[in-house]
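In order of appearance the chains are A, B, C and D, and numbering begins at 1 in each one.
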Amino acid sequence: MYSFVNDYSEGAHPRILKLLMENSYEQNTGYGDDVYSKRAKEYIKKHLNRENVDIHFIPGGTQTNLIVISAFLRPHECVIAADTGHINVHETGAIEATGHKVVAVPATGGKLTPADIQKALDYHKDEHMVKPKMVYISNSTELGTIYKKAELEAIHDICKMNNLLLFLDGARLASALTCERNDLAIQDMARLVDVFYIGGTKNGALLGEALVICKDELKEDFRYLIKQRGAMLAKGFVIGMQFEALFQDDLYFELGSHANKMAEKLAKALIECGYTFFAPTCTNQLFPIIPDEILNKLTDHFQFIVMEKADNNSSIVRLVTSWATTEDSVAAFCEFLKSIS
Amino acid sequence: MYSFVNDYSEGAHPRILKLLMENSYEQNTGYGDDVYSKRAKEYIKKHLNRENVDIHFIPGGTQTNLIVISAFLRPHECVIAADTGHINVHETGAIEATGHKVVAVPATGGKLTPADIQKALDYHKDEHMVKPKMVYISNSTELGTIYKKAELEAIHDICKMNNLLLFLDGARLASALTCERNDLAIQDMARLVDVFYIGGTKNGALLGEALVICKDELKEDFRYLIKQRGAMLAKGFVIGMQFEALFQDDLYFELGSHANKMAEKLAKALIECGYTFFAPTCTNQLFPIIPDEILNKLTDHFQFIVMEKADNNSSIVRLVTSWATTEDSVAAFCEFLKSIS
Amino acid sequence: MYSFVNDYSEGAHPRILKLLMENSYEQNTGYGDDVYSKRAKEYIKKHLNRENVDIHFIPGGTQTNLIVISAFLRPHECVIAADTGHINVHETGAIEATGHKVVAVPATGGKLTPADIQKALDYHKDEHMVKPKMVYISNSTELGTIYKKAELEAIHDICKMNNLLLFLDGARLASALTCERNDLAIQDMARLVDVFYIGGTKNGALLGEALVICKDELKEDFRYLIKQRGAMLAKGFVIGMQFEALFQDDLYFELGSHANKMAEKLAKALIECGYTFFAPTCTNQLFPIIPDEILNKLTDHFQFIVMEKADNNSSIVRLVTSWATTEDSVAAFCEFLKSIS
Amino acid sequence: MYSFVNDYSEGAHPRILKLLMENSYEQNTGYGDDVYSKRAKEYIKKHLNRENVDIHFIPGGTQTNLIVISAFLRPHECVIAADTGHINVHETGAIEATGHKVVAVPATGGKLTPADIQKALDYHKDEHMVKPKMVYISNSTELGTIYKKAELEAIHDICKMNNLLLFLDGARLASALTCERNDLAIQDMARLVDVFYIGGTKNGALLGEALVICKDELKEDFRYLIKQRGAMLAKGFVIGMQFEALFQDDLYFELGSHANKMAEKLAKALIECGYTFFAPTCTNQLFPIIPDEILNKLTDHFQFIVMEKADNNSSIVRLVTSWATTEDSVAAFCEFLKSIS
């Protein structure tokens, strides 16, 4: 039964596996000081068109989030996030476990606005409350939506004005940057945020995220913090090789683009069948609202997540495509959907 | 230049890579609930000859240590370790970062004794001091030494008597269990300790440790703790596949045995050249004391770590072999050593 | 200018100071093992009509909250609280600093209901989210409201059914238990909650809260946790003496009752002037909604906190009375208010 | 039975209690923003002969230590302390509970030297280990010894050179600064350390320590950190009044001097009886080595702590005098000692 459950169901892109395979007996320096990691960082910097960033490879997203947030905040400082933000709901209190409050702001479509941030700033006014020091956003968001350039610039501005660090979770950055409505280049990231990461796990790697620290004051001693949280792989070259494969040319973006194209086809079929969407996405996550009787038939043939009831007779569904989603399976889904709608 | 720096320089055993390669496009359930992880756990249980253990796969050793220790201790409880223990010196305060003191005991040859533990118990006598609740040992130790069955049983006994949890770090368990002097079976682990892990990273895997929880009271909610510390890989099947390859038959032990054999050859050559050892090891880590003039010549041809000065004219060296160490390189080292000694 | 800002503006009741004064040169055992603390505990147990509770004296409320919550939760467990709960907003992230998420539930009038708790339980369904393990309520609440016996019993029941610990913050317990609408006896506390504290700071003591641990399983090693958080005063007898004075007879309740009576008079005057209240309280905290033009005149003669705008022309005000509030000042306030309304 | 167990057995100096008593019904601003606290800070600054320091009042010593250390260190940074340091042994892991390792250095007579610090610096050389960032010393030390000016200057120098913060625990600063061998003025503190505290609890106050932050970069947001750890008393004026009484004139130093004089008399008698000392102290803590048969008789008439066996027939004893120790009791001890020696 084909799965649209998530974008980390499959292994890794063949070019990644080839690199791992062909160089398996080579001896490398440990802990990320190997030639693959170095080359991968150079490739990424070339894509960013910037030299003065620090790049670190970290096995997973939750780990990256908790290391970044605890590295840069003093004990009394908090991070502002959308209430749907990954750090707020789906990391088992990982941020709090490092000692910091996540100030969750009710957000529409998974996105924070300057007004949301200002409201949080206004509310926290003295030493009896935590002090906002960082803003966390994700792009694409947990609801599949994206930030437009003007939106990200506005967030950048309010952060600068209020001495807030801006951290962008790019677990699904590939999909965000290659979707149709997007007008942000990856170079804009390094210009507009203080620290962000380029997700590998959800875009064709076995594991691994590339953290990019843009702000100079944040760079010091960062490897200590990676090590302390258990995120410094002995065989760091395993992640290095994967990002070398992804960024040596444009593979990273091609994979994101493929996932988006597959999602577009699904979306088109859903629209043709008359369904609406919970969140207006253009990336590899779709949130259609589907009548329960249709749903019952779909679940016999395809795997996906039913989020919650939309009303008495229909539910919000999450469909996710990936770098590996096949044209055939998408076609099969669309055809079947039409046949039962 | 051939490296004897560590046992995590090379990639992974071909059978591991083959499994990753052949099943890369298959769709798996995320977060370790996949069929590979399930099969791998069954294979490990078979080797342990026990069903009633919980097994979890975790990316790395530091992470495993910090999750285990923080999962099972209340805030005021501490863990007793040898002063050379990995958690005490080489994890950037990872344990303290979870809130717990490591009570370091001066230990000979990297090994704790019941007397060491008793001394720590006697010292901590009231609520103004931390309360010992866990004992951490590693096998093989950071100095390449191993625990004999009688020694482990004695530690087990004092732990039971004092209501202390016994945690064994098996980052190099393969080498420990397959070395010549060893009289412990892997089944003894599950009998004598409360929780231990079977290291993959240092024995032929790309990454991954298999944590085995033996004591029933420790099993509850453990996946929450893995997730919270960022150690639950989205593609958990990547570790599952590796442990399936390692434990489907006896590959895990064959790889450990190979590393040991390579080390024995190096040891034999060192002894023939008249050198003594800082720690009496039979595993894949050797700590010979070598005159500095010899050392200077060796470092032109081979890579390894010089630990510290032994006296004015000689130094303690660490040589490590791995599952991938070649007969040729070992022969070359031995030959060259003899030629200059 | 007389202050209705809070209930911790004045020093301590004369009988407390007398005890401190008369016994100042006596030599006591340190860290709370003194005779005053022992006697005070006996007096409290007598009031509770229970012997099998553990009582500890802790300097302040935030400290008590953070010690209790971190003592009883495992790292992945969270505490459910009203969004207005003290731990959620006014403790600078003290709970999160111990590693735990506060799951804040939108609550009416500062009070949690079984339905609120059930909703939080339903939401947290797997290991990707924190696990609810404790419910925190305050009585009286931060909005001056109280729990009726039936309400507390209902919360007790849902907690028991779901294996949740119930913790009651009694910083203002004296006022809650002596107010007109109250139908809870202090004995009900020990029956219905697992752990609670009897606030001294806000009811006539210089400092100090009496924590009562009712549930046997929670008693072990608690002094370690007090010490670790820096809450074990060397001169513990200073708090012991104060609770001896408060509980030797009914002084504790008399002081709470006095504060309530003073508040009633203020409330009566406010009602007579036609003002309504933001929260329907019967305790020593009042939240009248007052026109801004009246407010401007009041603030020239009395101190109190203006919480926030109620609408364009009026504001929510907080008036607090204490054990030391004088009849004269209350009369003066009422008279002045009537003269300007 | 008279007690020489510690210096926190008695209540508070009469002038402190008088102030508390006489102003008990006055209304004060909460959380340390009252006039007593302000005046007390001015008096202390006058004694320090410096305006540009920040002063905060904190209830106890362990709390002060944990707030200071966690406020100023990033997660991977550690504090270096003598192995006998209070933070290392007698605070139930309070520092580790905030996430930081205490690197304990074997120290003679409770005192750190530049060589000790250098050794710790040399040992911690890369990101696999914690990074030293602070040095903790106490004056007088836990063994009653003191730092001479030249010693403190040398520690200051090595700290500056290595970018280490210097924190001095002055729980017993009064005794240190008024003892015979001392050549440090309180003004030297503010010049030579980055942050220190002036202990009240062990020198005549009911509770309270005055933290002095000298280094500008450390001053920001400190009240947030006090609040977060539960150390911001609602009735902060209670500590303010006490430090006003202690520093309005020279009471603080007179009390320390009295304790020292009482200890000198005890020391003189011990020397006359031929006993030697475990640590060469001139402050209010004495560590004589006393034959066990003498000890047995002493314990029938006086209370004190027996630390540990010195050899088969004698033990190390701790005798502590205080601001309240009476001439009579000292005379009685000396007389009785001579009668049995």
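Operating definition for what follows: contacts are C-beta pairs under 8 Å (C-beta built on N, C-alpha and C of every residue); 3 or more make two chains touch, one makes a residue touch a chain.
For each chain, UniProt lists the protein as follows: A, B, C, D = Aminotransferase class V-fold PLP-dependent enzyme.
Everything numeric here is computed off the predicted structure, so don't read it as measured data.
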C-D against B-C, pair bridged by the larger set of C-beta contacts: C-D
Chain whose mean Cα position lies farthest from chain C: B
Cα-centroid distance, chain B relative to chain D, in whole angstrom: 43
Length of the line joining the C-alpha centres of chain C and chain D, rounded to whole Å: 34
CA centroid of chain B to CA centroid of chain C, Å: 51
Multi-partner residues of chain C (each touching 2 or more other chains): 75-76, 91-93, 97-99, 127-128, 130, 224, 227-228, 232
Chain A to chain C touching residues, read off their complex: 75-76, 78, 89-93, 96-102, 127-130
Residues of chain D that touch chain C when the two form their complex: 2-3, 5-6, 8-12, 14, 17, 20-21, 23-30, 59-67, 91-94, 97, 201-202, 206-207, 224, 227-235, 237-238, 324
Touch list for chain C against partner chain B, complex: 70-71, 74-76, 98-99, 127-128, 130-131, 221, 223-228, 232
